[in-house]
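You will see chain A twice below: alongside chain B first, and alongside chain C after that.
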Partner chain A sequence: MVSRLLKNWGGPAFFLLISLVPLLLGVGYALLYSLGLVGVLSEGFTLSHWESLLRKSSFWQTMGFSFYVALVTIMLAGVLAASLVLRDPKRFRQPTPSFLMYMPLAIPAIVMAFFIFQLLSKGGWLSRLSYKLGLINDLLAFPDWINDNYGIGIIVSHLLMATPFFVLFFTNIYDNEQIASYRQLAYTMGASRRQARWRIELPMLLRPAAPTLFLYFLFVMGSYEVPLLLGSQSVQMVSVLTIQKMQRFNLENIPQAYVTSVVYTMLVVLLIALMAWLSPKKQTS
Partner chain B sequence: MRRLQRIILLVLVLFPFVFMLGLSLGRDWGYPRLIPATWTLEHWSSLMSGGNGLGASLILSLGLSFSVSVLATGLSFWGSRLVAYHPRRNLFLRAAYFPYVFAPVILGACLQYFFIVSGLYGKLGGVLTAQLFITIPYGLLYFSSFWNTRRKAMEELVYTLGGNTWQAYRKVLLPTARPAILTCFFQLFLISWFEYGLTQLIGVGKVDTLTLQVFQYVTESNIFLAALASVLLILPPVILLWLNKRYLFRLNTEYTTP
Partner chain C sequence: MYLRIKQLEKTFGGQRVLHPTNFAVTQGQVLSVLGRSGSGKTTLLKIIAGLEEPDRGEVFLDNSPITTWSPQKRGIVYLYQEPLLFPHLTVRENIGFGLSLRRVSTPDISRRVDEMIQHLELEGQAEKMPDQLSGGQRQRVAFGRALIINPKVLLLDEPFAALDSQTRGQMQQLFKKMAARHGITALFVTHDLKEALIMGDQLAVIRKGHWRLYEDRESFMRDPETGVQDELAFWEQWRS
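For the complex of A and B:
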């Protein structure tokens, strides 16, 4: 009896307990708090926290900025990684280049952010090099690449972490999907090098990679430590804004932090639903 | 040309590692010097003597990541089998992506209240629990492809020959899963080792792991100690990577990561 129960419900129960219950509890509490139904400031149901936050242009700037950083990062990393793999697909199967691509994956995000800060800031290594080369005559002449409104430092940081990952990932797909043999077939049928690359290799590479590219996009959009260190105070990414609102001394900010969490959750669910809807359906025979 | 490309790749990849190591050994790095004016072992020797607290953080981080990865690997290996053979397998596996899709730090912020009422807020146990919330779903996804029809047939053969569940695990499933378990363990160790947001939020800065130390030294503008903490953070993953490449790549021929 017990073993049958465990067999039928053990897996789902365990899974729900670990994965979904914390998520649902967290988002549920955030929603109730944002509606004034729980928490130290609770005075009964109200939409005032939602109204005040959704009317702020800074909130929508945060959402837009997070979206922009994630999109630019994924597009640049995807293009860079795909061009590296397609240029010479065998290269990253060799032991040394493959190991070299794994090396940046050993760098935690916080360390990468620190490294980029030391590299790209006004007093950083590139600024020093530019000074030595006579390109600038003062550190203030070095461009603002850190804590700037375009998120250059954040994007470069994520790019350095994402590109090696996608090089390895695309190499794996190239092998698994046997793209080389399809390319050869295209050449046999008279396709040019350009046609083979754009009409055979690239679509065959990107189609199976799309879900991972999308998940990485969401990962960048919700990243915390990199924008915390390299982001600007005027335009923040969503995680940084949420935590800052939650940790301020003004208790009025806490419901707004929860509104941000709930809106972000809804946005992610919407994007996932859109992705699932757009992805090609499996043929049922 | 090919040789030149390889050298450029080598320099680009190794530069962050050399840069961090150089900073951890340096002092007096005034503008516009490209390298520190003085080279010293004082930061490393203070690590050995316990003067800067980094040694304690290193031990804490190692202990935490080791505990998280052992627990999460074991639980996800067991749980993944139950999920993998369930009729609603695909639904559960899709849902396992959600803890990643939501930013862990936002999840932590939403769960803060529950950690406070359960008395886990600001405690090592709280950080460990919070990290299990993100590592176990990863483990479930990782092991989901391990439980295929071949494993099921192998397991059923054990039962047909009179074996019980314990024997099936001990004699068949665990030995065949060894490379996958080791790889999963390494990956979960790294997820925990790299974790900053949840640890900072649920640990309230009291669970002083190396990632928190890096951030603290950066905000204090102590770049040399921040670099030392960074080197300590990079070192275990590089060793694991080397071990992974040396041993597991050979063993792990039929297995890929999720």
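For the complex of A and C:
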């Protein structure tokens, strides 16, 4: 009986134990801390930390900014990668282009952020090149692409990591789903290149890719190193805000850091539930 | 002759997959082509559909040379071994796909799709997605999607190979019925001897890129290379 239970449920139970339990414990602790039930400042149940944070416009700006950066990054990376793959699906199966796409994936995020900083800051390579070419009169005249309020540096940095990933991912989908055969079939039925691309190739590519695009969106939304180096001080991404509140000398900020993390977790869970609800349900006849 | 193939040749990577090939198909007739895997039959069909370019030779459709025409202009639909239903479209949208490309009005598409669904005996399945259908139903939808645009020629590359024998028999009968109703000109490629005999008005064999068209059913059956004689001998031994 016990051995049968272990055989059937041992694997899933072990997975839950090592993945879900620590997460639930962490969120649970954060929730208790934010409600004043645990921690050094614990004075019993209170909603004051929640009220004080949720009333701050800067908190909602942070949430909105994180959402915006993630959305723009995924949309641009998706469009770029899909365009590259659909333009010539065979190209990225060849050794050199495939190697060139794998390379950026091996670079740590902080290194990529540092590279973007060197490239796009006012004292960076592009700025100096523009100055040498006479495009700007002063290095300071170079536009604010780093630590700016639009998150340009953060988006570019994530884009350089996400686009190669999605190129390789889309190439695999293109092969596995036999999209080339569907395209040829559409041609013989009279579809122009444009019609085949928009009505067949693109939906067939994006449909199976949707969960991964969504997970990458969450990854960018919660990213830390890149916005820490390239983000603005006036509007921060959620992970940066949380860590800063956690590490400030003012201990009053710690419960607010936990409120931020709980709200962010709730938002992620909500988005996952929405995604699961929207995804097509399979039925068999 | 409606579809005429003249001296068609194709080589891939130094290997000749199609030796000079000549044949013709009369309008409204089905030409069964018997061929094993690697015999060059798919290459031949793809060249006729405009999906591959021949090294030499010409394809004529209704006396017009179409060798350089794009697949879109030819009006020749190529059906693969798998139904290849567009997975993001319902049965109704799959069948109406070709009509929607031709900017046919929505009510007209709807009416013609409903008629086709009825002919294919797929009532009640119109709003289902392809992954909710059985293998036979998917193949029916693939037929309907091709037939609804009245193709000039239909190229079928072992369309029933993945089906079980009972469904395969049903699909053969359905195809015969639909071919007669729509006056279809078709090349039906199969590796199954019985299927070739059932489906074709004319018969041909392709072996290692060499093509042979038979004058009549009798000459096809007499030729030891088709395998009919071996098949007959096999069944004869059980009778005796």
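In this section, the second predicted complex is superposed on the first by the 273 of 285 C-alpha atoms of A that agree within 3 Å, B and C clash if a C-alpha of one lies under 4 Å from a C-alpha of the other, contacts with A are read in each partner's own complex, and residues count from 1 in each chain.
Note that a residue touches a chain if its C-beta (ideal position, glycine included) is under 8 Å from a C-beta of that chain, and two chains touch if they have at least 3 such contacts.
As the structure is a prediction and not an experimental result, all values here were calculated from the model.
Undergrad: Touching A:Asn137, do we find chain B (first), chain C (second), both, or neither?
TA: Neither: A:Asn137 stays clear of chain B and chain C.
Undergrad: When the two structures are overlaid on chain A, which partner does A:Asn250 contact: first (chain B), second (chain C), both, or neither?
TA: After superposition on chain A, A:Asn250 lies in contact with neither partner.
Undergrad: Which holds for A:Gln195: it touches chain B only (first), chain C only (second), both, or neither?
TA: So A:Gln195 only meets chain C here.
Undergrad: With the two structures laid over each other on chain A, which partner does A:Met204 touch: chain B (first), chain C (second), both, or neither?
TA: second
Undergrad: Tell me which partner A:Ala106 touches in the superposition: chain B (first), chain C (second), both or neither.
TA: First partner only, chain B.
Undergrad: Hey, is it chain B or chain C that touches more of chain A?
TA: Of chain B and chain C, B contacts more residues of chain A.
Undergrad: Touch test for A:Ser181: chain B only (first), chain C only (second), both, or neither?
TA: The answer is second: A:Ser181 touches chain C but not chain B.
Undergrad: Answer with first, second, both or neither: which of chain B and chain C does A:Ser57 touch in the superposed model?
TA: Neither partner.
Undergrad: One more residue to check, A:Gln233. First (chain B), second (chain C), both or neither?
TA: Neither partner.
Undergrad: Help me check something: in the complex, which residues belonging to chain C touch chain A?
TA: 49-51, 70-72, 74-78, 80, 82, 84, 86-88, 97-98, 101-102, 128-129, 131-134, 137, 145-146, 149
Undergrad: Which stretch or stretches of chain B touch chain A in the complex?
TA: Within the complex, chain B touches chain A at residues 6, 9-10, 13-14, 16-17, 19-20, 23, 31-34, 75, 78-79, 81-86, 88, 92, 95-107, 109-114, 132-133, 136-137, 140, 193-194, 196-197, 201, 211, 214-215, 218, 223, 226-227, 230, 233-234, 237-238, 240-241, 245, 256.
Undergrad: Across the complex, what residues on chain A touch chain C?
TA: 177-178, 181-182, 184-192, 195, 199-200, 203-204, 207, 280, 282-285
Undergrad: In the complex, go through chain A and note every residue touching chain B.
TA: Interface residues on the chain A side: 6-7, 10-12, 14-15, 18-20, 22-23, 25-27, 29-30, 95-97, 99-112, 114-115, 117-119, 123, 125, 127-129, 131-132, 139, 160, 164, 172, 215, 218-219, 221-225, 228-229, 238-239, 242-243, 246, 257-258, 261, 264-265, 268, 272.
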